[in-house]
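Submitted below is the structure of interest, expressed as structure tokens.
So that you can tell them apart, the chains are marked A, B and C in the order they are listed, and the count of residues begins at 1 in each.
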């Protein structure tokens, strides 16, 4: 399925309220490769992640995803999974219901077995039917992982992957990362280099031109 | 420079002629204007009120046009042009509403009648007001420009409905238009000349004011972009 | 059923489940309708207002009811930060139609309550040609939903959402309001159905125009 995935960023630049965040960023990531994005707070790590996921339009430059040699165009919903502090869940619904949305809003039929399996994987089996607003921040983070993995995305992006997690949580995430590394592309944006065991490409936003 | 002087002279001449040319019952001299029954001297308002109403619409259409261009190319300059066109259009719309109300007072006794034309200019005023309320409620510039352009489009597609609704619903107190759809003109040649010259002159005024405004906004935009941002 | 349609219905159902679970909008809307109609009732006293005034007032209540409730579908996503989640999950078109569907059902429900209450409580509000009235209410409700949804999407991205919503909506909804008030007046005067056909044509064109324009511009409003 994801043997030939190619994520290409070409000459990315973003101007926001007349302030240039960065410019001239280019890279290519292929299947089973991991891209690490590092940089100070405010250097634009999340901005790049959003651009890759199609959530933000670059001021200049393009992002293309190709599956099996064919450009995927606007099919971001199917191809990307994202865990980040700014991607919220619906907290009046339970974890189970949120994961079901991850399927149905994408237009897929919810796979109940897979939903149960995902919730068990992230360690939420017991509380899965309680509304997310009753969860601790660590549990909310776990829901986000189940949410991001539901549709088995070729590209998985983790922005601050270990946020709010205890040691069990970090072990879970490392398992998720290792799994993604065998099947598709992994993108990690973080300041803590200890988060990622290995990576193939790096974009360091501290060294990038800003004018 | 020369064009600006020409514009100033043109408008001065139009204004003078608009007020000074005599209105007589049976126009004989080439410079005589006809007396419109019911309006007499007050018909002179045609030379000034109608252009302001015309420019209100021009301002909206200009804003809409440049707004659409902005959506296509995301060039901030197009947004500057769009907002400037709307700003001037707003000003002329206020003038048109006020001059229209004054005329209504003289002609029919009340400042406001809710007849089709007064209602239309009022709705245009509301749209301009809403447009600028929206612009001031968005902080991110790219979003501000995008949302303003979208609103102009939505307003633009719903406004034409007024043309069909008005005749059905509201009785008209507006005088028989002197220029009507069949092109029958009750104006004599001289009046038509002055009227069209006024229209042209005011349109030129609008265009000049718009260019100046755009230049100012461009400078303001560039000034803020200097390092430190 | 195509994936796109499944997506639309899923968004619609999510919005309703959310609403039923939190009940923010519905209770506020019901209270609003009851309060407004009570105020009208008290200010009329024992006076009987003429039919065209009563027709107009009905739609004033509907307008402000719509302003109270129809922005919720977009504003809550912004306020809770789930806008971006939705952006990632599906296309802008599906979001627009899903939320339009939600607002359609909401406005029909709201109008059913408003009109029933109004008809029962306000003296002198009499509909002689029911067919005109029913068609006018149906078409008017669809038109309200169409215009209110795209404006809601716009103000959800602005800062002063509450007061901005009626300010932006009123000029856009005015052609609809005038037409539907006129049709209601015709219905209360006992006109023939054929006399109101012009009004219905206007309403249908309005709906088509607004929905078409909305689908074309929605992506610009929604995506960053």
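As a convention for this text, a contact is a pair of C-beta atoms (placed from the backbone, for glycine too) under 8 Å apart; a residue touches a chain by one contact, two chains touch by 3 or more.
Just so we're clear, the structure is a prediction, and the values are computed from it rather than from any experiment.
With respect to subunit C, maximal separation of chain centres occurs for A (centres as means of Cα atoms).
Of all chains shown, the one whose average CA position lies nearest the global CA mean is C.
We define each chain's centre as the mean of its Cα atoms; on that basis subunit A and subunit B are separated by 52 Å.
Work out the mean CA point of subunit A and of subunit C, and you get 38 Å between them.
Mean C-alpha positions place subunit B and subunit C at a centre distance of 32 Å.
Among the residues of subunit C, those in touch with two or more other chains are 224.
Among the residues of subunit B, those in touch with two or more other chains are 139.
Taken together, the subunit B residues at the contact with subunit A in this complex read 139-142, 221, 224-225, 227, 229.
Subunit C meets subunit A in the complex at residues 2-7, 10-11, 14, 17-18, 21-22, 80-82, 84-91, 94, 223-224.
Subunit A makes touch with subunit C in their complex at residues 50, 53-57, 74, 76-77, 80, 82, 86-93, 97, 101-102, 104-109.
On the subunit C side of its complex with subunit B, the touching residues are 147, 150-151, 154-155, 157-160, 164, 167-168, 170-172, 174-175, 178-179, 182, 198-199, 202, 205-206, 209-210, 213-214, 217, 220-221, 224. Those residues of subunit B that touch subunit C in the shared complex are 71, 123, 126-127, 129-130, 133-134, 137-139, 143, 146-147, 149-151, 153-155, 157-158, 161-162, 164-165, 168-169.
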